[in-house]
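Some structures to go through are shown next.
Both complexes shown next keep chain A, but they swap its partner, so chain B is in the first and chain C is in the second.
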Partner chain A sequence: MRTAVVLVLVAVAIVALPLVAPAYYVTLMLPFMAYGVVLLGLNLLFGYTGLVSFGHALFIGIGAYTGAVLTTRFGMRQMELILLAAALAAAAVAAPVGALCVRYVKIYFGMLTLAFGMVFYTFLLKFYRLTGGDEGMRLLRPYLLGQSWEGFSKTAYLIGPYYYFSVVILALATLLMWRVVRSPFGLCLRTIRDNPLKAESLGVSVPRFRWYAFMISAVYAAVGGALLATPTGNVDPTLAYWTHSGNIVFMVLLGGFASFFGPLLGAFVFIFLQDTVMSVFPYWRLVFGAMLAALVIFAPGGLMGLFARRLPVEVSRG
Partner chain B sequence: MTANLVSILMGGVFHAAVLFLVAAGLQVVFGVQKIFNLACGSFYALGAYAGVSAVGYFTGHGGSPALFIVPLALGGLAVGLVGVVVERGLLRFVYDRDETFQLLLTFALVLMLEDLIRMTWGTAPVSTGGLYLTYGQAHLLGATVPVYNLIVIAASLAIALAIGWLLTRTAFGRIIRASADNREMAEALGVDMRWVYVRVFTLGTMLGTLGGALVIPATAAMSEMGIELIVEAFAVVVIGGLGSMRGAFVGALVVGILRSVAISVYPELEMLLIYLIVIAVLLWRPRGLFGAVAA
Partner chain C sequence: MILEARNVRRLYGAFVALDGVSLSVREGEFVSIIGPNGAGKSTLINVLTGVLAPSGGSVRFKDRDIGGIGAVALTRLGMARSFQLVQIFPELTVLETLQAAVVSRLGLGSRFFASLAGDGRVQREALEVAALFSLHDKAHTPTRELPQGDKKLLDVASAFALKPEIILLDEPTSGVSTADKTAIMDTLVTAAGRIGLRAIVQVEHDMDIVFAYSDRIIALHQGKVLADGPPATILSDQRVMDTVIGRRAATRRAPAC
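Entry: the complex of A and B
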């Protein structure tokens, strides 16, 4: 009940924000919503299935580059189609990559995903005739709902139609993920996380379910990646770099991986805190590194864990 | 043709010599503490900057340029003592946690060290100036190789032998190997793990910082050099096998030479080739060439 009240208040605040807040803060909400989609997917893998990917930026990169290639090379500007194409491209890559990765768990899973991420990063960096190399590519302003919004200035476009478009996508992604984790499928994933042997003996095909979770999280990351790249209007290989993968895992941990809404809170706090810190002190990595170290040592349950006052079970080595 | 081949090969071996040091640091820490230290690349960067500063101080105070390698190595080793602080201040709290959290803690170190380096030395690349060719060039089968490279290769080989000696012939080495094999048993036999961990981690850190210091006369120190090197060191230990010193040695040679060959034959392939090999190794033989058991 309390959760429902909080959710309604948050939803109202998000919808009303462009009417009351300065444009600058409204534009900061855009990366929050994009990362929100990415992290919902990442946490299906991390929090619900117990697999930590250190190469998930690969799929953010796929989503972002799909948008760039479609708008600049093929003149396809419909955002709805771009998101669809990003999701399909991610699924096509995640199917073989995931099938190979889910054969391992723990550190080996992390290393394998990191290696795949770096393969894609190197590809983006070195094959510059296709990808623009380290300068990347432009991503032209996409049409929303079939309209080009030509009359809008860049800011007006971002804080108006694009903002509400992102809200809708995030809301749909959240609803869908809520259904996924509440389904028997979600229950199977949690069983796999807590006790893979037991899951196997109950007839759950562990690798197959891990593979499904990997695919879903890759699709989420690509959709989020396409959303993320549009406001900047430019994509470059650092989107797929391994430190970016580390940062999104950081965001999940910051919010709390044991909670459904934890990753969304993590993305929000990360984006706004990073902006605040950078405005007073240029070395945000130092501050955030110290914060991450403190989180890992003192509050592995993240911000949601602090609210809940209850350490998640999977923190200590079983 | 031979000249070309020799210079490609020697370039690869020089890179391998430095990579080996960093990877050896990664291996000894993983072997004993079971922590995959993402920050080993950051220690390498830290060593590089400390080396530049030490050499600058030395030549600025009338030191002979011919002796620059002494302050370089000492500077690199000295800054490695930061390992004591990191182990006592951070890592010791997470030994009984899930490895995800250990990995994230070392990622926190990566973030902090990158900015600490920027704060201390600025964002512009720094270098030791023209000291690289102080020792002249050697001629090998028609190719010219800087003598400095040969010194680094020899030093790295000597360190590899010293590590082998330390691990197999000394009491401390036996304790390290015992702790790596069976921590509980070693503790039951009276080994103080706190003491082992702080030494092992500092040893690992110093190998990384020394590697960074030694590479720097040949290039320039940049704040991103650490996060770039870690993925190469990662490739080395995966190919060689996690936790194995012999693996680090062979893996470093494979990565160093392949990279050097790829750059001269087909530059686009450079690191792509290395990562594809890493993936192949992880899939077909996850314990690597010399690793003990797969997890």
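Entry: the complex of A and C
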């Protein structure tokens, strides 16, 4: 009941924010919502299946570049189709990559995903004609719901239609993931996370279910990647760089991977904290590094873990 | 014949863990596999449950070669197992553990958006198994908080929730207090009758349990079958006495037979 009240209040605040907050803070919400989608998917893999990917920026990059290629090379600017194409492109790449990676666990899984991420990063950097190399590519302002919104300035577009479009995508992604983690499939993933040997003995095909989780998380990352790139209007290889993968893992840890909403909280705090720290201290990575160390040592359950003392029960309840 | 091993060999490099083991399990039997440490009991269970492929010979379940086909495929064929070291899902509740087995048996695992809580059949069947093993009062308890005896019971109960035709238990009472052992075995046998299990195979070190519950005992020694027969026959086998059971234990057990 308390959770429902908090959720309603948060939803109302998000919807009302553009009406009351300065434009700057509203635009800061855009990466939060994009990362929110990415992290919902990443946490299906991390918190629910027990696999830590250090290369998930690969799929963020695929989503972002899909948007750039479609809008600049093919003149296709409908955001709904861009998201669909991003999801399909990510699925096409994740199918073989995931099939290979999920055969390994722990550090080997992490290193393999990191390796694939770096292969894609190098591809983006070196295939200049296709990708624009280190300069990247433009991503033209997408149409939303069939409207071009040409009459809107960039800021008005971002804090108006694009903001609410992002809210709807995040809400849909959250509802879908909520269903997934509470489904029989979600239960099977949690058995694999807890004890793969026992899961196999109960007839749960561990590689197959890990692959499903990998595919879903890749699709979420690509959709989030397409959302993330639109406000800047430009995509470049750093989107797929390993430090970006590290950042999203950090966000999950910050919020708490044992809770469904933990990663969303992590994304929110990360974005706003980064903005604040960067404005007063140039070495923001130093601060975040120290924070990460403190988190792991003193609050392994992340911020949500501090709220809910009994973390593992939270996990089992999704 | 439900389960049959013919001349099974299993090598680990140059080491021969199983050397020409042949055995059969018939309808309605409770078969115990005994032997000293290193006799090859766990390897045999792993070969019989398709986890390990035999290096030679064959294993047949319901007239089908199952050598190395893996736990998932065997589960679908109707074979379940439990482990020597208790295997649980620490962050899941008792009910969720049993639901996972029911979901797997009903082939519902690929339902991505269906509500688990809203599936009455899964809920009902999981609770039935919980009641069968007297775990229904702890249905919502995280399994990591269960006492050791209940963890062991849940491990076995989750295998029963698969409603298998045959179940292979690797030391079902290991790590459990002496007082709990008989209770676990009684529960297990009662549950077997309720779900219509066709046969039970167990590896067990506790000779009181072995002789109290088995229809047939297979004694292993150095990877070979030393003896195979009903408890009375095994008790009178001098080689088994010397290498597996021990004279003192046999003397203590003799009047009961």
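Here is the rule we go by: the second predicted complex is superposed on the first by the 310 of 318 C-alpha atoms of A that agree within 3 Å, B and C clash if a C-alpha of one lies under 4 Å from a C-alpha of the other, contacts with A are read in each partner's own complex, and residues count from 1 in each chain.
The definition used in the following text is that a contact is a pair of C-beta atoms (placed from the backbone, for glycine too) under 8 Å apart; a residue touches a chain by one contact, two chains touch by 3 or more.
Since we're looking at a predicted model, the values are computed, not measured.
When both complexes are superposed on chain A, chain B and chain C end up sitting side by side without clashing. Of the two partner chains placed around the shared chain by superposition, chain C is the only one that A:Leu176 touches, whereas chain B remains out of contact. By the touch criterion stated above, A:Phe250 is placed in contact with chain B alone, chain C being left untouched.
In the superposed pair of complexes, A:Leu187 makes contact with chain C only, with no contact to chain B.
By the touch criterion defined above, A:Tyr143 lies against neither chain B nor chain C after alignment on the C-alpha atoms of chain A.
By the touch criterion defined above, A:Phe268 reaches neither chain B nor chain C.
Put simply, more of the residues of chain A are touched by B, taking chain B and chain C as the two choices. Applying the stated contact rule after C-alpha superposition, one finds that A:Phe59 touches neither chain B nor chain C.
By the document's definition of touching, neither partner reaches A:Tyr220: not chain B, not chain C. Once both complexes are placed on a shared chain A, the shortest Cα to Cα gap between chain B and chain C comes to 15 Å. Overlap of the chain B and chain C interfaces on chain A comprises residues 315-316.
Per the touch definition, chain B reaches chain A in the complex via residues 36, 38, 90, 93-94, 96-101, 103-105, 107-116, 118-119, 227, 231, 234-235, 238, 242, 267-272, 275-276, 278-279, 282-283, 286, 294-295.
Here chain A touches chain C in the complex through residues 176, 179-180, 182-188, 190-191, 193-195, 197-205, 209, 212, 216, 312-313, 315-316, going by the rule given at the top. Taken together, the chain C residues at the contact with chain A in this complex read 70-72, 75-76, 80-83, 87-93, 96-97, 99-101, 103-105, 108-117, 119, 122, 142, 144, 155, 158-159, 162.
Of all residues in chain A, only 52, 54, 100, 103-108, 110-112, 114-116, 118-119, 122-123, 126-127, 242-243, 246, 249-250, 253, 283-286, 288-293, 296-297, 300, 314-317 touch chain B in the complex they form.
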